[in-house]
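Each structure below is given as structure tokens.
Shared chain: chain A. Partners: chain B in the first complex, chain C in the second.
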Partner chain A sequence: MDAGLDKVDAIWEKEVAIVDGIDISGPWNRMFEQRVVWEYTPELIDKVAALPGAESFSWCYQCAKCVPVCPVDMVGDYGPRKLYRKAQTGVDLFTSDDLWLCTTCMNCVRVCKKVVDMVKIMPAVREQAVLDGFVPEELQKAFEDTAKYGNPLGQSQRKRAAWTKKSDVPVPIMKDLKRPVDVLWYVGSYPSYHPRGIDAALAAARIFHALGVDYGILGREEKDDGDSQRLAGETGLFEMLAEHNISMFEKYEWNLMVVTGPHEYNAFKKEYKQRFGFDRPIQHYTQFLADRLDDLKPLLKHEVPLKVTFHDPCYLGRHHGEYDAPRALLQAIPGLELIEMGRCRENGYCCGGGGGGMWLDSFTQNHTVMRLSERRVLEAAAYGAEVLAVACPFEVSRFEDAAKSTGNDQLRVLDILELLDMSMRGVSA
Partner chain B sequence: MSEGTVLIIGAGPAGLEAARSVAELGYSAVLVEKRDRLGGMPDEANYAKLTHHFLDAGEAIGELAAAATGHENVQVLTSSQVTHVEGEPGAFRVGIQNGAGAKTVNAGAIIVATGFQHFDPGRETQYYNYYSFPDVITIADLEGMLKAHQVVRPSNGQPPERVAFIQCVGSRDRQIGNEFCSKVCCGIASKQAIEVKQQLPDSRVMIFYIDMRMYGYWENELYWPAQEQYHVNYVKGLVSEILPKGDRLLVRGEDTTMGRPMEVTLDLVVLSVGMEPSAGTRSMAEVLGLEQNKYGYIAAGGPTGIDPVATSRPGVFVVGAAAGPSDLDDSFATAGLAAARAVATIRRSNGA
Partner chain C sequence: MNIVVAIKHVPSTADELELNDDGTNLDFDEVDFVLNEFDEHAIEQAVLVKEAAGGEVTVVGVDVIEELDGVLHTALAKGADKAAKIVGDIEPPINSHTHARWLADAIGEMGPDLVLTGVQAVDDLDGQIGPMLAAHLDMPYVGVVTGVSASNGSVTVHKEYPGGVMAEFEVSLPAVIGVQAAEKPPRYAPISKIRQMAKSAEIEEIDADEDFEYEGCELRQMAKPVSAGHAEMLEGDAEEVAEKIIALLEDRGLL
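After this line comes the complex of A and B, so read on.
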């Protein structure tokens, strides 16, 4: 027998297994995984690095700074540097479950000394995996719904403006308005369709109305931005949506676009610009309102006496460096006490919804001890917050579910828009 | 006699040794130093002991300065700066400014020994909260404490029970642009770890690293004693973040050989900051018209590409850390070589 096999046999001979103090010895517990590394596979690293945008995968020198700041590793066993090591020892990332765990939150890139850019690597590999048909089922459904209905929730395109009927202030739609506006408000899929997203949209409409903003929405002419689908590997779908949306943006005259969601902000400001040359002024709603704080403050007449902590959206904070606008709005609300969690601003935790995570809930759950959103809710509760404030339409439903599943029903999850609206109208949510 | 003069800029270890070598070869050395003291960074930053020799830094550098200044062929100009240089090998005219006014020195060759500065952990981002947490210090800060035999937590003045070093801060980093290894920090951290254990025998000392770069004798003189005699814990895996934990510090990282997350509570964290070209190196490169590499160091190599003291300008040589991260051995070796090259330049221009 060759020496290598002797070594394996020696491990198979191991007869005692004690886990957490419990003796579970028995033949079923002997090594069932190959212990000996038989081969190193640089070609599996090269296979990733050969994709456009993924070159930096091969640069990793295993310093491991990325692992402790990775939100997925915090609830599981993941971490960007491990992907390199696994590829080196025989794991093909293209067919590995690891491929779908990254939320593209960018915290690894922030601390990486060699600038290994997972935000570019993951979409590149996923794009190939999608072409090869290796896609988790639930993600595939979100792709199909987006392609069919123009939104990942699988709701009718014709009903995209249905939420406006619930509004107690007029919500002008560009098609009916037939005139130029100052602000084009891109509402987004979740604020248009999701019940809790609609709450934020209604609040925004009231705030814009009260501020006298001359704005319009696209209504039925608006489709999902597609950026998260792109990050999850569906580049073709993203391009289709981008072409549609850009043609609608260009159909009307406006000076500034305001978006409800950070993912849309990233899509239009960065991706639509780089890939399609769409280069117009865009602001996230927190920036738009923070710029109008002098006009907004007199409207915030009622106290909102709540202890509030803020979850920085990855795509507003780390991806675009905006940390102050949301805080300026929260601090403008009378009576509101803003407290910071340990993981905030540059090192903010991730809700788990980015990069396709929104549509990989069950898949990710099988690889983690708890949802990222649950981990975050526990942190917010530990800091004694009464409200977890958010500024991304992905987050409200994620965190509300997490608050329930972790037994923290007392923690309310509110979009900053809702908190502003509460202060404006003197009603509690 | 002016054709027999070598002008040396910077009076740190490399500049002092170059001046001494030139003088002992029978030529004149004019040593120009911006500060009012000699000794360079080991003096300026209060080094305790030298790496790797464990010599008392003050004494060793003092002897070096005395050897240079005590030589009749060496003229020292402190609190002085070079303002411009013209001419060619064998006949440079160097403008020098000091409190007394401006003057011109004729020199046949020039040696640049303007050295390095320690990487500032707050330069790009707040690296490891250096500027917010008093108990996060740098190896340069620790040198001063070791010298004074006062290794304490700055937050409360108490001796630390648990000390850790984080390697490669400001080095090997594409993000901040310092892609090079600073060469000396692995040795310095190991040296300091030994000294901490000598001064505080009950303390626990750890070193978090990517690769320990202990070339040549540093392996057996620093790394092995640190581990074997002083029980310093070496852990492979860099720390990602430092968080406050009560009045102590929680460092989070990954123990990569175990593949497990790591959260360790500490009293004092020492950042092993690397080297960057000093302000003097950058400004002298401009004044002398010397090519710099992408990191701002003076480009060495010369026409052959392998000459460690040749610059882009004939007759001007670079020594020590002005050309890139260097230890003392490098500084001495290049100083001697540059002295020989400078003297040879003068002899050639004199028709020798």
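After this line comes the complex of A and C, so read on.
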């Protein structure tokens, strides 16, 4: 129902006015009415703002700073300003397809003077939509798989450590180690199951081994962090996974947790802490390795003579302010030339995988002219990069597919872990 | 309308299936169990009928590995009203005859107007639960159904035949229906609702008649299929692969 349109008609009617038998019809009559914007119902805005966490939706004053920085708007028609305006004109965000397009990349929040916070608004509204039974089919499958198997890829929980069999260095599993370790490495779902994610996990294992890190992984005791599911509206699933993971983290003794993915980093460092009081030292692998650069550098013996550009993961960069560690690692690789894209660091583009986007590919495609990952790959190619380096397990497969679909097969997509490993071992990818 | 859904907990095929040592069945300690996919549709269809025609939905299954509660809580979160599990000294595998016997004993007591069940299940793939339930309960059966609507005293069901022919049956109640697919894809049960159910819902326990023993046929051997041939992957860049293809064709006398 379009609540606003009736009002528009009513206002147009005012243009026709006959006063004391004199026809004074004309657009000027509208000046005697309130401006159109006042005529719209605030109900649908209030409906969003009434949800805990989504209050800031109603603070928008339509300045539009958020629109040009929104990665979805760049390939479609989006942004907080537009969502607010649509709500004024009768679009109910709870049932609109718009609800599922935001990747929670946080670029709008960065520039918004009113701190309209989509990173909180989206999960709040989506949670209600999920409870009311509005879930895009693809996303529903990812939710169900995560609930059943502990990972959104729908792979067996029992096989979570199967990738370690491919490793040429030992990958210790906590349950077998039966002793405290220095570092607990939370591997994550995509590095455990996705073929290209496994490549990064194997590289990480070799690097940790070469550095002599005393570490262990949880193996079959590890489950997905659940944060992207939470951002996509499945708070209950997130809580269930968080309770499981925290009980596993607490089962063993360790000093520092290292995570492969920025989403997991956000989950443990922020959400598990705020909601469950889990407060332990955590680092993303780029931070962990950058701190050990003095030990790492001598291992990087071989040149990797490639022109590399780096895609800042939203949940490492904007969400946690870490821009330097990944760059320090790339610059430590001999022969490697690091070039920056226009949209980098604070204004970095988004791969489209965050906030549930990872599991909404076809859905989002119906609302955008190209995938966000394709937009990004075109940018990397335009800068003449030979390699698009990433530091988030969501991104490798997204960008590789995008490189192919945009005809940029020459552009290789590699995790920083893989590039370090190449330099360590002297093999080319 | 009193609707009962008979469900089955079956081995998950997301796992690579391991066989037991004597090769007579799966190694049930090494597989996870999930709800039979067709039963998910039966539950959805039951809830749809309830929403359209009113009534009550009870979901019942045999608790094969003592992990059925989660499945039942999910069904309740999706809109079922009651849940029951058949318990006893039970260990997998339970063949479909025993399954049907126990389910029929339990369902008979519930006085159903309509019994829905998945048309088949991955564990035995014989599609017999529905027909056997109907036989035990002395009710009519229609299987491979893709939609059920209820009116006074009967249900109309749709069935799709090969070659694109559709049939519509009117089935007098009580009846057993084997569901191939619900009218709509199974709805999503938010985990928070499932967890609420886990806290508040009561699951009725029904004792299995453990004396019942089916001796009709016995599974003698289960094995993984032996692959007849294998594909040869040609590796290398385009030039190299092209050369290999030419060599191969020459080798077979085709060039």
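The criterion applied here is as follows: the second predicted complex is superposed on the first by the 390 of 429 C-alpha atoms of A that agree within 3 Å, B and C clash if a C-alpha of one lies under 4 Å from a C-alpha of the other, contacts with A are read in each partner's own complex, and residues count from 1 in each chain.
In this text, a contact is a pair of C-beta atoms (placed from the backbone, for glycine too) under 8 Å apart; a residue touches a chain by one contact, two chains touch by 3 or more.
Given the structure is predicted, the values throughout are model-derived calculations rather than measurements.
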Room on chain A for both chain B and chain C (clash or fit): fit
Touching partner for A:Cys112 - first (chain B), second (chain C), both, neither: first
Partner chain(s) touched by A:Pro68 [first = chain B, second = chain C, both, neither]: first
Partner chain(s) touched by A:Leu330 [first = chain B, second = chain C, both, neither]: neither
First (chain B), second (chain C), both or neither touched by A:Val125: neither
First, second, both or neither for A:Thr235, with chain B first and chain C second: second
Partner chain in contact with A:Lys148 - chain B first, chain C second, else both or neither: second
Distance of closest approach, chain C and chain B, by C-alpha atoms in Å: 35
Chain B/chain C common contact set on chain A: none
Interface residues, chain B side, partner chain A - complex: 125, 168, 172-175, 210, 237-241, 243, 252-254, 256, 259, 261-262
Residue numbers on chain A that touch chain B, as the complex places them: 59, 61-69, 73, 79, 81-82, 111-115, 342, 346-347
Residue ranges of chain A in contact with chain C within the complex: 130-131, 133, 135, 137, 140, 143-144, 147-149, 154-159, 234-237, 239-240
Of chain C, residues touching chain A in the complex: 12, 14-16, 30, 32, 34, 185, 187-188, 190-195
